[in-house]
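What follows are several structures.
Look at the two complexes coming up: chain A is in both, with chain B in one and chain C in the other.
So, the complex of A and B:
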């Protein structure tokens, strides 16, 4: 492979990983607060539809991205009211949210099917972007990719370097104890859910504005579910979400390139590679922490109603 | 529902009077229902089927009344089909392969309702099947690709290794070989019918490996857009996707069900409908090639002539000799592949550089 092809493959790996990174980080924060939101796919696909619609109407990718975030937040708010406010079952509400999101997105996007617009602009720094291999990879991505990486650092810093982050993690582990300390359990959980929705919406907007710049119903094609699985895979750590997304995105992209290169293996075998790689990584991870026990937030998925 | 019950109560009170007064009642119209697996706005398979529903409604506005259900999951389709049958439909089109068993089950319960199932192979006294010879269009695409490719390599994005897809690849290759025996076709299996992101990645991979023309047997316009972005060419799928890639689309294999849907409905109306199987191609107008664009006039003329020859029967995509990848002869010279062979195709023709899992 020529350096150009290597650079192109590396750049597409990062592009394929970006929606998983962004949506995964959002879900990670919600789950760290103890709320399991299975509606990532629904919020993501709504973000894609609304983001694309807003971008077409306004002509601005930024407005589209913000609208996508808004759509995710709105759906997450409905989920938050149900599960945090009314202590409804989180699994059932999350599944309902996915179905609702898929339906709503079809409705919101109906008028925009078949339209096309230019993809989000890529960064271009004269001199730097033209460097071989590293140039396009480090200095030639679109805004969403940088936003995703910045988000990973931000979330990591927030959860382990701030007092609020500590409180959030404590709530995810023991809401009753944090409540008795006078900390706002339900408000924090609600905000964490909203943050998760914002990220899922942004990830969806990335798909319809940058990755494949058009809207088609159900275009997320299961990426929301993969993001959910990534959070578990990453044992609720932001850095590992990024690593897992790059691993999964990389395996997906590389097997397509391997097929195009014609290495003589049936495509169906190669298609299984991303999943095999994920299983292998999971085994290695669990071997490494044999004495540690579960890393999930202790109160994940459990609702909390303060006694009055 | 409300209107019917109101009508019923009115009829019971003033039955005789009403019968005299109303000239044509709604029940005199044939109700025709359509069940789609995807959204009607997919600009692909379901969209094309809905065009035929609209054409039917426009052709016989005073004789038929049409209804459709979209986004019907195959696993849950029995309920949807039964709902339509229960609501007084006379003819129901179920348009996805996965609707086959549910259609047969419902058809058994409603023997008076006629059913039309697309792309299936099981029939019943009140269930017909129909499909299109999409491979004929792929043969034309293969010839165009062989003429236009400068690198001598064409990329093919495939969904699942089922006979329909494999026969499409073979027909494409045979068409290409009739122009340039050395043309290479690189195949990437994405194992999905619809995932714009993955289809775009596959397109990128193929273009990076030197393909300058893309063909696809998946449903999104993402590969076309990728070709457009890189200044390369591509063929559309199911529907005319020119709007997505005005500088890249060469043509598109369009499913046109209008003629079939209208003819079958007419047959139900005049009582001549019987259960049968239809496998129509370019000749029957079921497979149509979108306008040939982004190519020189001589290539366009060749493509148009090929379409004409396939329609007249002069050209058969699977006319012998057809050699399998392993060198054995599948179709002898002077013969053409029989339909069951095409419908069950699970081998590649010679010249394809890919392995098919068995």
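So, the complex of A and C:
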């Protein structure tokens, strides 16, 4: 393969990985605070629908992305109210959020099915972007890709290099102890959930504004769930979310290429690859962790009600 | 200002029965606002959604035929959810059950002589396939500690793709003009209609019997008690010597079997052949039904009926009022959220306290 082809494949892998990176990082922060939000798929698909609608109406990709974030935050706020405010069951509430999100996205996007707009602009720095191989790959991506990578660094810095990040992780491990230190458990959890929603919405907006770029009902096709699996796979570490997302992106691209080349396998088998790969990754991870014990935040999925 | 949750000293049965009803009422009100935003009179929509499906014999039959698989799947799921196990892949187990049972019907297609065994064999194959498919996430959880939530969901996509492949490929009717569907099942491979020429078929009775059995087992047997105890207090269950592994496998077997049975009942009852898609999302809707029914079989029966009415109403509203089907889905998601929220109010009292958020 020529270097140019490799660069092109690498760019498509990165593009396929970006929504998983963004959504996965958001969920990682929420789960580090001890809240398991299974509604990523719902927030993501709403972000895609609302983001695309806003971009078409305003003619601006940025407005679209912001609207996508807003849709994710709004749904996450409802989820946070239920699970953090009212201590409702997190798993069931997350499922409700997914069902609600899929329905709402269909309503919001109904008038925009079949419309097309130009994909989000790619970076172009004269001189740098024109460099062979490295140029387009490093300096020629769209804003979402850079945002995703910056987010990974930001989240990593926040969680391990700031006091607030330490508090957040402590809440995810032992909310009762953190509460008795006088730290705001439920407020922090609520904000972490909102951050997760913002990221999921942005990831969805990336799909409809840059990746495809159009709106189709249920276009997330399980990516929200894969992002959830990715957080487990990454043992709740931002760097590994990026690495895992690139692996999954690679599997997706491989599957598309195999389909295009007409390998003697039925299309359905290839379409099942991402889902089977997710299961396989979770199995391998748990095999590798047999002795080490769980790395999950100790209070993940447990509600917290301060009693006094 | 701060919102505090104060645990209620006693659980009140009245409040627990009222909570889902109030949640339903609230969801209907929000739905009414949404409908009027879409430019349709809420009163007209209410009639189409909730009254019309109950007013005629044929639509009541449709409601029963839709409610049956929902109640069946949800009763199985109640076992899992009571034990704090999260099988959210009932949709996949439903599809696999329909596929396996359907394959029995296709393999015996055109056979003459003694054919009475075919239908029971189909139902058994569907149930067993559902159990086997549910064993994948259950065993992964028990043996390797892999989250059953994610694996059971991923297997839904795999099952749908498998059925799609089989219906378009190996199982396609060779004389079917390339339509992606199998042969139409023989009479012996169909669940008989309860009233000549109508939609109501014997599968509704199968589902009712299974829900009844589920109610007895969950509410009246030691096994049901173990299941409920593991969910309510894992520590107490450990001290009592109940094996969490065994209960996990059994809960998944029950829910997978129920979903698989519902799948083959749908194929042998309503559809009568295999198609690339056999479910309008019953496995997911059943999750709503399970919680709306407060995870008790009797409640689930009522909830399945209510959800089936709104689904039939939603289909009618799409035709009569040009209201999108997504509205029904959003309504059901909203309903589940409100039911969960209302549930909390039966366990806690809300108190607003001055001071900062904690």
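In this section, the second predicted complex is superposed on the first by the 271 of 308 C-alpha atoms of A that agree within 3 Å, B and C clash if a C-alpha of one lies under 4 Å from a C-alpha of the other, contacts with A are read in each partner's own complex, and residues count from 1 in each chain.
The definition used in the following text is that a contact is a pair of C-beta atoms (placed from the backbone, for glycine too) under 8 Å apart; a residue touches a chain by one contact, two chains touch by 3 or more.
Since we're looking at a predicted model, the values are computed, not measured.
In the superposition on chain A, A:298 makes contact with neither chain B nor chain C. When the shared chain is aligned, chain C comes close enough to touch A:82, but chain B does not.
Of the two partner chains placed by superposition, chain B and chain C are both touched by A:110.
Of the two partner chains, chain C is the only one that A:93 touches; chain B does not reach it. After overlaying the two complexes on the shared chain, residue contacts for A:150 are found with neither chain B nor chain C.
The partner of chain A that touches more of its residues, comparing chain B with chain C, is C.
Of the two partner chains placed around the shared chain by superposition, chain C is the only one that A:306 touches, whereas chain B remains out of contact.
Within the superposed three-chain model, A:268 lies in touch with chain B and with chain C [touch as defined at top].
Comparing which residues of chain A touch chain B with which touch chain C, the overlap comprises 106, 110, 217, 222, 266, 268-269, 271. Across the interface of their complex, chain B is touched by residues 5, 8-9, 12, 16, 19, 106, 110, 113-114, 116, 119, 207, 211-214, 216-219, 221-223, 252-253, 256-257, 259-262, 264-269, 271 of chain A. On chain A, the positions that touch chain C within their shared complex are 38, 42, 78, 81-82, 85-89, 91-93, 95-107, 110, 179, 184-187, 217, 222, 225, 228-229, 232, 266, 268-269, 271-272, 275-276, 278-279, 282-283, 286-287, 294, 305-307.
Touching chain A in their complex are the following residues of chain C: 3-5, 7, 81, 86, 88, 140, 144-147, 149-151, 153-155, 157-158, 161-162, 164-165, 169, 284, 287-288, 291, 324-334, 336-337, 340-341, 343-345, 348, 356-358.
Taken in their complex, chain B has these residues touching chain A: 38-39, 41-43, 71, 155, 158, 161, 186-192, 194-202, 204-206, 208-209, 211, 220-222, 225, 229, 243-244, 353-357.
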